[in-house]
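So, here come the structures, one by one.
Look for subunit A in each of the two complexes below; its partner is subunit B in the first and subunit C in the second.
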Partner chain A sequence: MQLWQVLIDNFPRFRDGFLVTCQLVGVSFVIALGVGLVIAGLRVQPLRSLKWVGAVYVEFFRNIPLLVLLFISFAGLRRAGINIGAFAAGTGALGLYTAAYVAETVRSGVFAVGRGQVEASLSIGFTYPQTLRRVVLPQAVRTVIPPLGNITIAMIKNSAIIGAVLAIAQDILKEARLINARTFQTNEVFFWAAIGYLILTVTATVAVRYLERRLVIRR
Partner chain B sequence: MGYLIDPANWEWLTAGNNLRFILTGFLINIQIAVLAMILSLIFGLVLALLRISKKPWVRAPALAWIDSFRNLPLIFIILYLALSIPQSWRDAYGDHVPAWFSEAFKSPFFLAAVTGLTLYNSAVIAEIMRAGIVSLEKGQGEAAAALGLPPSKAMRLIILPQGLRRMVPATVSQLITLNKDTTLVSIIGIQEVMRQARIVTNTSGSPFTGSGVDAPLLHVFLVVGLMFVIVNLLLSRLSTRLEIREQQRTGIRVKVTGLEDQVSADAQAV
Partner chain C sequence: MGAEGTGPNVAASNGHLVVLDKVTKSFGATTVLTEIDLAVSKGEAIVVAGPSGSGKSTMLRCINALETIDSGEIFFDGKAISAAGKGIYRLRAEIGMVFQQFNLFPHKSVLQNITLGPTEIRELSRKDAEDRARKLLERVGIPEKADAYPVDLSGGQQQRVAIARALAMEPKLMLFDEPTSALDPEMIREVLDVMRDLARSGMTMIVVTHEMGFAREVCDRLVFIDEGAIVEQGPPEEFFKSAQSERARDFVDKIIHH
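Now for the complex of A and B:
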């Protein structure tokens, strides 16, 4: 009974935290998808030097801890005199970090479309951008949906790190700690916070399965 | 950009003990990662075996356990444990920890850190192991049964050695994620690279405690980040190499990927 009491007493705060987490995830997702597509584009286009830029981006952001990135993007930039807000720094770091994974996934999706198809469409007179848009991308998008879903789930979980280090972002985890500091009902508070995260991750899992059934082409 | 490449902002790197101080912190992270990986492999195997059990009352709880811990943020688990492990346990740990352990390992919250990393990663590893085992052709188990091997022996002698072999590359790439995740334990106050780096940025500029050369936060954490990038790049090379070798040996391309903890497996003959 105490379990439900904790939820009822603190519902507005849990709800606010949940909404902040949704915002963090939503904004980061847009950044990740946008930047990720650009980087993937760099990696599949023919120019050597641009390919290299894409590769360096991916290897840097994929192998650096997100926490280090958050330190750089918030405290680091502020000390350098750039007046960046906590929300912008947090979503920016998470977005750029996730973009590396998005880029890798999209790239392998593009390569999964057979070389022969590209050659065929070039030989019937499509230009390179046309080939990319009309032949490669429609197929690539479908192969990358399941892995993109997995990346999104990972991103939801990673968003908790923002709340843990940047004081202003009051996401689920941060709200849970604040409520806990007031009530000391650690188990109950964290139980409901866990439910909050599970709602997000499990919804994402179900959505991905649905899209997978609808869109995926089995090869 | 000028700020970033200005040589004056990089002087701290060679001044005093700064770089060595950060490196000792980084080594602590590696140690924590290796320790957590060993524990995760042990618990992960147990969980994976429970998860593929034929008995539903064994399988269902294992599935619920794995899916809950896999779908919660790691930092959430670590913070919860740090708040909920009783004071008496922490004291008991502090009393029994050997004196030659490094400061990080002696922290009263070390138990919470390692338990959290293990709970989370063992769930991920269990899923990787399950994917490896399930990807094995059915014929292997059937052949073992036809030869008269009891199920437990078939599992131990036929299925596990082959199935687990397939997940070695994925485990190595999971080690990359784990390596990055070890920085999270700094949030509950364990003295590792993030905190060491913080100390460098705070003290280096002071002529009394540091070297007298300012260490800008941006630059210090870039160096910390690059340390992780280098080690993780080597690990990912290793993972790719193992994958290729396995493919050449068996003629089967198995793609068990632990991409940021989200596991997927797919096996096909080449």
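Now for the complex of A and C:
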């Protein structure tokens, strides 16, 4: 069984690569969700100028290829004298890129929350920001859990680009390429790399299903 | 708050809890309210009636500033609504509102719906807020539904929770915007019963409704609005027996003898 032999012989490298990918994905996810919610908030609040800031953010990060963003965040910034390191550059670019999609999705969820909810909240005495935070956003986020799951899965797969571009991040893909360079067992090596990504994406799918069952609002 | 009881606003409101002074409101080119004058005393229960599209809901929504008025002024508890600025949020907390579509928060349990305002705005402790909420649920007749979610309740039960949610802020005024119009006939009674008890307890209420039985039995004064103007007002019995204007008689005919 050559397939298993490849895994057993190179297990520490596969494992380390997997853990690095987990870190990349975890940090990017936190950035994407945090920044995405703030940008969505900017886009749905009433002030024109702040709306505009949110719109510019979304159009900038959504309309530039992730690969280009990665070059800018790593090589570009370093050449400009700002060296933030490969990990920060990679997770920053992936997180900010994904945040644009999160923002658009949450925004659509906000508009799905009826005008009546806002009026009920205001009539209790809440301010607009309180209404957004306590009534609208919690409902919006629950409504968009399934599409946020899709975005998360896309992000996990996009994390492979970090390993491909930023030679310092030793993620699953990078380790697989190193192992392949030594063993030439290309099919077997990338089979296990694919399994590594599947473990993450399937876990994400299960987590989304769980959250859906727990949180999605029955109407 | 320190200025309470002084200043020109109080003179204008003349001891009334709510005063509408020549209130005019348009949506674009359509004038919805034309120079509405109305004064509501503390403890008074008023029913606002009129054909649909006559502006009664808009008038109600202007009182707690869900709609802004174009001219005139509205005074609540001696304070001009248009001059409230950011204080409008504080003012709204004093005015409970019940909507036709209930508008309960679907992501929160019945208890959470009722405690949200008191804990966040009145800064009540969770325990005090929950005690108050349970008492209110008792009062509206559904103490067993505290942990249910809005989706699990019938329309009548949802509307009673909405009333409890508004009362939890201990408002000085309650506004009802067609509270029974979205309900099945068998549920209308249970909501009207709660409203009747509320009126009898001395709550100041302005109720937009087509329930003329409720008007006759409960309210102190009936205000008839048509085409954005108050056509006439008075004790409900008088209105039903001998409305002065043709439009009002027409309305009574349609609604009583349909």
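Miscellaneous remarks
By our rule, the second predicted complex is superposed on the first by the 216 of 219 C-alpha atoms of A that agree within 3 Å, B and C clash if a C-alpha of one lies under 4 Å from a C-alpha of the other, contacts with A are read in each partner's own complex, and residues count from 1 in each chain.
We adopt the following convention: a contact is a pair of C-beta atoms (placed from the backbone, for glycine too) under 8 Å apart; a residue touches a chain by one contact, two chains touch by 3 or more.
Not measured: the values here are computed from a predicted model.
In the superposition on chain A, contact is made by A:190 with subunit B only, not with subunit C.
Touched residues of subunit A were counted for both subunit B and subunit C, and B has more of them. In the superposed model, A:202 makes contact with subunit B only, not with subunit C. By the touch criterion stated above, A:139 is placed in contact with subunit C alone, subunit B being left untouched. Contacts of A:127 after superposition: subunit C is touched, whereas subunit B is not reached. After overlaying the two complexes on the shared chain, residue contacts for A:158 are found with subunit B alone; subunit C is out of touch.
Applying the stated contact rule after C-alpha superposition, one finds that A:169 touches neither subunit B nor subunit C. Taken together, the two complexes place no residue of subunit A in contact with both subunit B and subunit C.
By the touch rule above, subunit B contacts subunit A in their complex via residues 3, 68, 71-76, 79-80, 83-84, 176, 179-181, 183-184, 186-187, 194, 216-218, 221-222, 224-226, 228-229, 232-233, 236, 259-262, 264. Interface residues of subunit A facing subunit C in the complex, by the touch rule stated above, are 114, 116-117, 119-127, 130, 134-135, 138-139, 142, 217-219. On the subunit A side of its complex with subunit B, the touching residues are 59-60, 62-69, 71-72, 75-77, 79-81, 101, 105, 146-147, 150-151, 153-154, 156-161, 164-165, 173, 177, 180, 186-187, 190, 193-194, 197-198, 201-202, 205. Across the complex, subunit C meets subunit A through its residues 64, 66, 86, 89-90, 92-97, 99, 101, 103-107, 116-117, 120-121, 149, 151, 162, 165-166, 169.
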